[in-house]
Amino acid sequence: MITIDQARRIIAAGEARAQEIGVPVNITVLDAGAHLKAFSRMDGAVLGSIDLAMGKARTAVLFQTTSEAVWDYCKPGAPAHALELSNGGLAPFPGGISLFAPDGTVIGAVGVSGGAVPQDLEIAQAAAAAAA
Amino acid sequence: MITIDQARRIIAAGEARAQEIGVPVNITVLDAGAHLKAFSRMDGAVLGSIDLAMGKARTAVLFQTTSEAVWDYCKPGAPAHALELSNGGLAPFPGGISLFAPDGTVIGAVGVSGGAVPQDLEIAQAAAAAAA
Amino acid sequence: MITIDQARRIIAAGEARAQEIGVPVNITVLDAGAHLKAFSRMDGAVLGSIDLAMGKARTAVLFQTTSEAVWDYCKPGAPAHALELSNGGLAPFPGGISLFAPDGTVIGAVGVSGGAVPQDLEIAQAAAAAAA
Amino acid sequence: MITIDQARRIIAAGEARAQEIGVPVNITVLDAGAHLKAFSRMDGAVLGSIDLAMGKARTAVLFQTTSEAVWDYCKPGAPAHALELSNGGLAPFPGGISLFAPDGTVIGAVGVSGGAVPQDLEIAQAAAAAAA
């Protein structure tokens, strides 16, 4: 079970990286049941990226993987056409990462949005690394 | 415009009071346009109160008052029956408080849920007091 | 069929009365099919009243009456309990008024919100009077 | 903060261009928080384009850009697949333009729909030019 202390460390690590890069982002932390644990919108992050940070984290935790891994199942030519329309709409692109306990149990996910996609991914990876 | 530093002070003040009382709560901070700025769910807070913390803060900021003040308009015998069905559903009971700049401009709102209603109100008041 | 020129006269008449009273309001004009024709939010009107102006006008036109007349059907003791939950949520209190052509055909409705309920009603009546 | 006077100038400029072109359109003006400020549907504009005018303006302001610029992030081959499903559904095609204060702060957006896409864009540009 993810704790609020973990969630704060995750957000702090993500924001530290975002400040190094110089891009304001939203960071969402969800628990294993896809319920919101913590959220932070850095000053200057665009409003449209709030929902994207939520969506990436939700996409990741619902399938216990990363948000972009879900795209492999629904992209053109893949077998699960329109999978992205399920669950109220997924966000199957980089920036959502599931978090796991040492025993491999999923404990939640982090989602980042506000920068270019590679920036969001880099920030999400820095955030996720702080979950341990 | 509310800043993330303000939002963190608001949440910290609310959580300090919640810990004194001994009740885990969710705390939402919204900006003046009712968009999420920061959120924190203390360990042990029930899932159903996530949406209530959001709803109380939204109810407060949409009407630039407290969440319970909205009830005066929609309670039995008051003139705006079913007002609580508007805006996607309001939460017109204590725990949501609008935040104002020194010049009287609304800058956002805080919403608290997780305890008994008087506890939520006390925590929201402690949180709001830290906005200045 | 309501025209944009009529809708502008309706809004202008409502706003003139609102300025006399000294209360900023939202004014919605819908057509006979409950689709938006025109809308105006005066500077200073609270955000939560946007949806209420919409809801009052919609409540009125859907039943070809006034918004408060719908309350007679759903108030405690009346036969249509919870009618206000229908149609995505009604706003059965004063401030919505259906508009009729000289031959009695409904052509739309106006909805006003932002002040106290009696103020909204007075402004809506002034607005509706300009529809002719 | 966008004023109702600005919003009316924006709509008037858009409608003047629409009349020159000879195409009836809907014009939406939103504030910086994506809340409705003013709306006008010219006589003859199709009903389905009401929501499109809203959606284009919302898409623009949520990302502080134009509605079509958002498509660069979600079109086939771009990194944010299905981004258009976020925020309750985006409208990432021409006709939505963010509006900025002289200091670069976003103050809202205008959205136009009802004609062919190039017509909507031309009308939206004429409307946006009147915001200054």
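Labels A, B, C and D are assigned to the chains in the order they are written; within every chain, residues are numbered from 1.
To be clear about the criterion, contacts are C-beta pairs under 8 Å (C-beta built on N, C-alpha and C of every residue); 3 or more make two chains touch, one makes a residue touch a chain.
Nothing here was measured: the structure is a model prediction, and the numbers come from that model.
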Result of counting contacting C-beta pairs for B-D and A-B, higher pair: A-B
Counterpart interface for A-D, drawn from A-B, C-D or B-C and sharing over half of its contact pairs: B-C
Rounded Å distance, chain A centre to chain B centre (Cα mean): 26
Centre-of-Cα separation between chain C and chain B, whole angstrom: 29
Whole-Å gap between the CA centroids of chain B and chain D: 32
Numbers and ranges of chain B residues touching at least 2 other chains: 33-35
Complex interface listing, chain A residues touching chain D: 46-49, 51-52, 55, 71, 74-76, 84-85, 89-94, 117-118
Residue numbers on chain B that touch chain C, as the complex places them: 33-34, 59, 61-64, 73, 76, 79-83, 85-88, 90
Chain C partner contacts - residues on chain D that touch it in the complex: 3-4, 7-8, 33, 35-43, 47, 50
Parts of chain D lying in touch with chain B, wherever the complex brings them together: 31-35
